[in-house]
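So, here come the structures, one by one.
Note that chain A is present in both complexes that follow, paired respectively with chain B and with chain C.
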Partner chain A sequence: MVQVIESEGVTILPLSQQDEWKDVVPLAQEETATMICPIAYAEDYKEKMDYLRALMAKGEVSQRALKLTSDVIEENPGHYTAWVYRKRLVHELETSMEDELLWVAELSEMQPKNYQLWHHREAVVEMLLDPQSVQGMSQDERVAIPVLRRELGFLAESLDEESKNFHAWAYRQWLVHTYGLWDQELAFVSVKIDEDVRNNSAWNQRYFSLIAGGSSLSAEVVEHELAYTLEKIKLAPNNESPWSFIVGLLLRHAPAELYQSLLPQITALAADEEYLSAINGTPFYWATLVDIYEQQAKDVPEKQKEAIELASSACDVLATECDLPRQKYWRFRQTQL
Partner chain B sequence: MLNRDLHIRYFKRCLEMLPAAMQSLDATRMTLVQLCLVGLAVFDAIDEALTGDDKHRMIEWIYAQQVPANANNSNTQYRGFRGGSLFGPHGQIKYAPANCGNLAATYSALCALVLLGDSLERVDKPAIIGAMRQLQQESGCFSPHPHTTERDPRFIYCACAVAEILGDWSGIDIDAAVAYIQRCVCYDGGVTQGEFQEAHGGHLYCCVASLALMRRLDAIPVDRVLKWALFRQSDGYNGRINKAPDACYAFWVGASVEMMGGHDLIDADGTFAFLMKCQSKFGGVAKTPGEYPDPLHSALGLVGYSFCRPDQLQPMSPSLLLPLSLTRARSIGSAL
Partner chain C sequence: MGCEISPELAQGALETLQSMQDPNGGFGGGNRQVPHLADTYAAVMALALLESEDALGIVDREKMLGWLIRMKQSDGSFCMHEDGEVDVRGTYCALVIASLLNIMTPEVTEGCAEFIAKCQTWEGGISLYPGVEAHGGYTLCGLAALEILGRSDILDLKRLSRWMILRQLPFEGGFNGRANKLVDGCYSYWQGGSFVLLQKALKRSQAQDYLFDREALQRYVLACCQARDRRGGLRDKPGKSSDLYHTMYVLCGLSLAQHYVGVEPEKIVSSTESVYSVPVRMMQWGAILKGLNVLGHRSNLVKPIHPVYAIPFSPLAKAVKYFYSLPPLAETLH
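Showing the complex of A and B:
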C-alpha cells in the first residue's frame, strides 16, 4: 500500500487516490523469476512506474505525462525509454524550454554521473538556439545571446562544484564547438588551472581550445605554451598534467621543439638550486627526457647514438630510483630504444 | 586474504535481492545480473552457487527481455534485449519506442547466457544484427538505442562484443568504427569518448577491446597508449590523470594493458594491496576503501586481479569479460 507522503507541509496523495489519475489503469511490471537481481522498490516509486508504463504503453501526450517522467527520471535517470518519451513530450507539448533547462540543471545536481541528462540538455539548447543563427556574429555578440550566456554561467557553476566533472567538460566542448565560442575559452581554462594546477580536465581543455578550433599552432603560441607550462611545473613538479600536456602538444604539432626548446628548459630547471631536488625526484621529468631523446634519435641521425644513450640512462634512473612500481616497464622500454 | 566464500555469498545475495537504493540502476539490471555472474565465474563458482533450476529460471528471465517483432513488424530498430523488466509486458506496449532494446543490455544478456551455459539458440540473431546496423552513426560511433544523441565507445564495444559472440559482423562498418576510435586517442596517449575529450580509463577499455575484437589493434599507437595505461597505477588504478584510485579500473585499465601485451609490466602486488583495502568484511568490493561494495566494483575489481594471479582465480578473457574456458570452447575473443 502506498503511504500518504508529507513533504514540506504539503500532503501528497498516492496517484491511485488522485482524481487526475482516475482514468488510468496502472500497468504492473511482470517478473518471471527470482535470482535475477530484483530491486526492493520503494512503494511510491513502484506506483509511479506502474502509471508511467500505462501512459507509455499508449504514448499519451499530456502535461501529467511530462510531470510523471520528471518524477521517475529523478529516481531512475538511466530509464532510457523515459528519456525518449520525454523528448517527444517536450516537443509536442511545446513546453517552455526554459523550464526544461531548469529541471535538467536540478537533475544534474542530483545525478552528476548520469550521461543522458547532458545529452538531453544539448537537445534542448539546440531547440532554443539554432547553431546556424549565430553564423557571422562576433564573439561578443555570441556570448551576449541569453541562451549562451546562461549555458556558460551554468557550466562555470557546475565546474565550480565539481571541477573534474567529465560530463560537464564534454558538454562545454560541445557548446564551444557548436556555437563557435573559441575566443573566450583559453581565459576560462587558465582560471581553472590557476584554481587547481592538478586539474587534468582543465589541461585537456587547454589543448582543445588551442587546437580544436582549427587554427594552426604558430611559433608564438608554442613559445607561450612552453613558458606557461614551465611556470606550472615549478609550482608542483610532481604533477603529471603539465608534463603530459607539453610533451603531447609538441609531439603532435612541433616535434622538433621537444629537443630544441623543451629539453634545454627542463634541464636548466633541473640544475637550478631552487628546483633541483623536486625536479630530479619526479618520474615525470625523467619520463619526459626518455620521450624527448627518443624523438631526437629519430629526427637527428648525427645525434642518434648519444640520444639513445641518454634515453637509456633516464630509464635507469626511473627503474632504480624514482619509479620503482613501474620498474619492469622502464626495463622493457629500454630494450625498445 | 581474498575471502572466496564471502564473495560468493555476496554475489548470490545480490542476485536474490538488491536494496531500493539501486532503483537508479533499474534500467541496467541486465548488466547487474551479468556482473554478479562474472563475480561467481571468477571463482569458478556458478555451478556451486546456483542450482540447475536457478539457472533455468534466470535464462527464462533473460529471454523474456528480448523484444519480439510487433504485430506489423514495424519495430525492427527496437529489437534486441532490454535492460530489464521495468519496461512492461511486450504485448501491451503499443507505443513502440517505449519497448526498446539497448546495445549494452544485449551485450550483457549474451554474456550472462553464455555464463549460464545456454546454447543461445533462442537469440534472434538477424533481429539483433539488423537493429545494431541502424545504430551506427555516420561518425562510425554507435548509439545504444534509437532517438538519442547519446553515442560513445561504450556502444562500439557492445556492438563488437555482440558481433563476436554471435559470429556475425555484418552489422558493423569496421573501417568506420576504427576511424572513430583513432580520433579518440588523446595528445597524452590516453583514449577517450570523442575527439579532444579527456583521456579516460573506461573509454580506453572500450576502444582497445573493440580494436582487439576487430583484430585492428595496430590502428592506434600502442606504445604510447600502453604507457598512459601503466601510469594509471599507484597501488590501485585511477581512471584519469590526477584522480584517486578506484577498484573498477583494475579491470578497465588492467584488461587494456593485457590486450596491449603488457601483462608482465603491471605491479601485481599493488593491484592486490588495493583490492584488499576495498574488500568488504561482508563480501564484495567497494569503489574506494571504506565505501559500501556494489556488484560492478566487486566483479571488475576481482577480474582485474585475476589477470595478475590466474593461478588463484579463473583466467578471464580481457576482451569479453568471460572465463577463457568459455571463450575458447566457443572460439571467441581476441587471440590473446
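Showing the complex of A and C:
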C-alpha cells in the first residue's frame, strides 16, 4: 500500500488516489515467485514506475507523462528507458528546451557521473541551437550566444568542482566540436593545467584542442608545445602527464623533433644543478630517453648502434634503480630494441 | 568462481532473465525496458553460467542479430541502446554477445576494428570514443573486442603497453584507470585483463610471464579490497563500501593475477575468415598450470577465468558448444 507522503508541509497523494491518473491502469513489473535479486524499491517509486510502464506501453504523449519521467529520473537517473521516453516526449510536445536544460543542469550537479544525463544534455542543446546556425560566425559571436555561453560556464563550474570528471570533459569536447569553439579552448585548458599540472584530463584536452578536429600540427605549434611542456616538467619532474604528452605529440606529428629538440633540452635539464636530482630520479625521464633513442635508431642509420646502446642503458637504469616494480616490462622493452 | 548454483537459484535466474528479453531482440535492465547492450552482455553471460541448455535456449538469436544490426553505426561503433550513447563499450558488448551466440556476421563485424583503432589516444591507451582520455575500462573493451576479431595488430602495441605499465602503481600494487588518478580495485580486471590479452597480442609465452607485477596486485586485492564489515564483498579501496560491481571485477582481477591464462605463441590460430575460427580462437585460451602464482594461503585461490568473457572456462565451453552446434546465421566474418 502506498503511503500518503508529507513533504515540506504539502501532502502528496499516491497516484492511485489522484483524479488525474484515474484513467490509467498501472502496469506492475512482472514478478514471478522465483524472481531473483529483486530491488527493494520504495513504494512510491514503485508506483510511479508502474504508471510509467503503462504510459510507455500505450505510447502516451502528454505533460503528465513528462512530469512522471522527471519524478522517476530524479529518483533513479540511471533509468535509461525513462530517458528514451522522455527524449521522445520533449521532442513531440515541443516543450521549452530552456526549461529542459535547467532541469538537466540541476540534475547534473547531483549526478556528475551518469552517462544518460550527459547524453540527454547534448540532445537538448542541439534542439535548442542548430549547429548549422552558427556557421559563418566569429568565435566571439559564438561564445556570446546565450546557450553556448551558459554551457561553457556550466562546464567551467563542473570542472572546478571535479577537475577530472570524465563525462564533463567528454561533453566539453562535444560542445567545442559541434559548435566550432576551438579558438577559446586552449586558454581554458592552460588555466586548468596551471591549477593542477597533474590533471591528465586537461593534458588530453590540450591535445584535442591543438588538433582541432584536423590531423596535423604546424611546426610553430610543435615548437611552442615543446617549450610549454618543458616548463611544466620543471614545475614537477615526477609527473607522468607532460612527459607522456610531449612524446605522444612528437611521435604523431614530428618524430625527428624527439632527438633533435627534446633530447638536448631534457639532457640539459638533467645536468642543470637545480633540476639534476629530481630529473634523474624520475622514471619518466629515463622512459622518455628510451622512446627518444628508439626513434633515433629507427630514423638515423649512422646513429643506430649508438642510439640502441643508449636506449638499452636507460632500460637498465629503469630496471635496476628507478622503476624496480616495473622491471619485467623494462627488460622486455630492452629485448625489443 | 567455485560456488555451487542451486537448481532453485538457477531456475529463478532463468525466469528473471527471460522476463527481461525484449520481443524484438536483446535484454533490458528489467522487463518492459528498452534493450541495452551492457544489460544484454550481462544477461547472456549469466545464462552461460547456469550451464544448461534450458537457460541457453531462451535467447532468441535471430532477433538478437537483428537488434545488434539496428544498434550498429556507420563508423563501425555501436549505440548502447535505441537513442543512446555510442562508444567502445558497445563494441565490446556486441562482439562478446555475437561471438558466443554464433551470430557473427559481416554486418556485425564490419568497421569494428577500425573504430577501436581510432580510440587509441596519443597516450597509447584506448578511450571511450575518439578524442577523449585513455582509460582502463575502455582499454579492456577495445582489446577484448579486437581479440574476438583476431585484429589486435591494428593497434600501436608498443604505445599501448607503455601506457598500460604505468597504470600499476609502484606503492599500492593495484591499478589506476587513468594517469595521475588513484588506484581502484575494479581496474584489477580492466587493466590486469588487458595485460593478459596483451600477452597474446605480443606473442609472449608463459615462460616470459605477464608484464605486470602479479604478486603486487594480489597483495592489493587481498589486503585492501576486502570489506571488513559484516556484509563482506569487495571494494574499490579502504574507506569505500563494497558493491556487486567491485566484487565482480576485483575477483576477476585476482583470478587473472593468480593463474597464467594464455595461448602459447606457436599455437596461435590466426585465421579470421570463417565464422568457425571464432570458437577455435576463443577456446584456445586456457590456464597453464606451470604459471600458477598464488600469494598467501592456498585457500586464496579462485578459478581461472577467460580474459575476454570474464567467466570460468567450463560454462563458457558448454555455451560455445551449444551455440556453435546450431546453424550459423552467416558463413564468413567479412
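Quick notes on this one:
We adopt the following convention: the second predicted complex is superposed on the first by the 331 of 337 C-alpha atoms of A that agree within 3 Å, B and C clash if a C-alpha of one lies under 4 Å from a C-alpha of the other, contacts with A are read in each partner's own complex, and residues count from 1 in each chain.
In the analysis below, a contact is a pair of C-beta atoms (placed from the backbone, for glycine too) under 8 Å apart; a residue touches a chain by one contact, two chains touch by 3 or more.
Just so it is clear, the structure is predicted and the values come from calculations on it, not from any experiment.
On the superposed chain A, the two partners chain B and chain C do not both fit; they clash. Once the two complexes are overlaid on the shared chain, A:Tyr45 sits against chain B while remaining clear of chain C.
Once the two complexes are laid over each other on the shared chain, residue contacts for A:Thr282 go to neither chain B nor chain C.
Of the two partners, chain B and chain C, it is B that touches more residues of chain A. When the two complexes are overlaid on their common chain A, residue A:Gln334 makes contact with neither chain B nor chain C. When the shared chain is aligned, chain B comes close enough to touch A:Lys58, but chain C does not.
By the touch criterion defined above, A:Gln111 reaches chain B but does not reach chain C. Of the two partner chains placed by the overlay, chain B and chain C both lie in contact with A:Lys164. Contacts of A:Thr229 after superposition: neither chain B nor chain C is touched.
By the touch criterion defined above, A:Glu75 lies against chain B but remains apart from chain C after alignment on the C-alpha atoms of chain A.
Taken together, the two complexes place residues 27, 29-30, 32, 34-37, 53, 56-57, 80-81, 84, 87-88, 115-116, 119, 164, 166, 169-170, 173, 198-201, 204, 207-208, 239-241, 244-245, 248-249, 251-252, 325-326, 328-329, 332, 336 of chain A in contact with chain B and also with chain C. Of all the residues in chain A, the ones that touch chain B in their complex are 27, 29-42, 45, 49, 53, 56-59, 75-81, 83-85, 87-88, 111, 115-116, 119, 122-123, 164, 166, 169-170, 173, 198-201, 204-205, 207-208, 211-212, 239-241, 244-245, 247-249, 251-252, 325-326, 328-329, 332-333, 336.
On the side of chain B, the complex with chain A involves touching residues 14-20, 22-29, 32-33, 36, 50, 54, 57-58, 60-62, 64, 83, 85-89, 92-95, 97-100, 102, 144-150, 152, 186-189, 193-200, 223, 227, 230-231, 233-234, 240-243, 262, 264-265, 267, 270, 295. Those residues of chain A that touch chain C in the shared complex are 27, 29-30, 32, 34-37, 53, 56-57, 80-81, 84, 87-88, 115-116, 119, 164, 166, 169-170, 173, 177, 198-201, 204, 207-208, 239-241, 244-245, 248-249, 251-252, 287, 291, 323-326, 328-329, 332, 336.
The part of chain C that touches chain A in the complex is made up of residues 8-9, 11-13, 15-16, 19, 28-34, 36, 80-85, 121-124, 128, 131-135, 158-159, 161-163, 165-166, 168, 170, 173, 178-181, 204, 208-213, 216.
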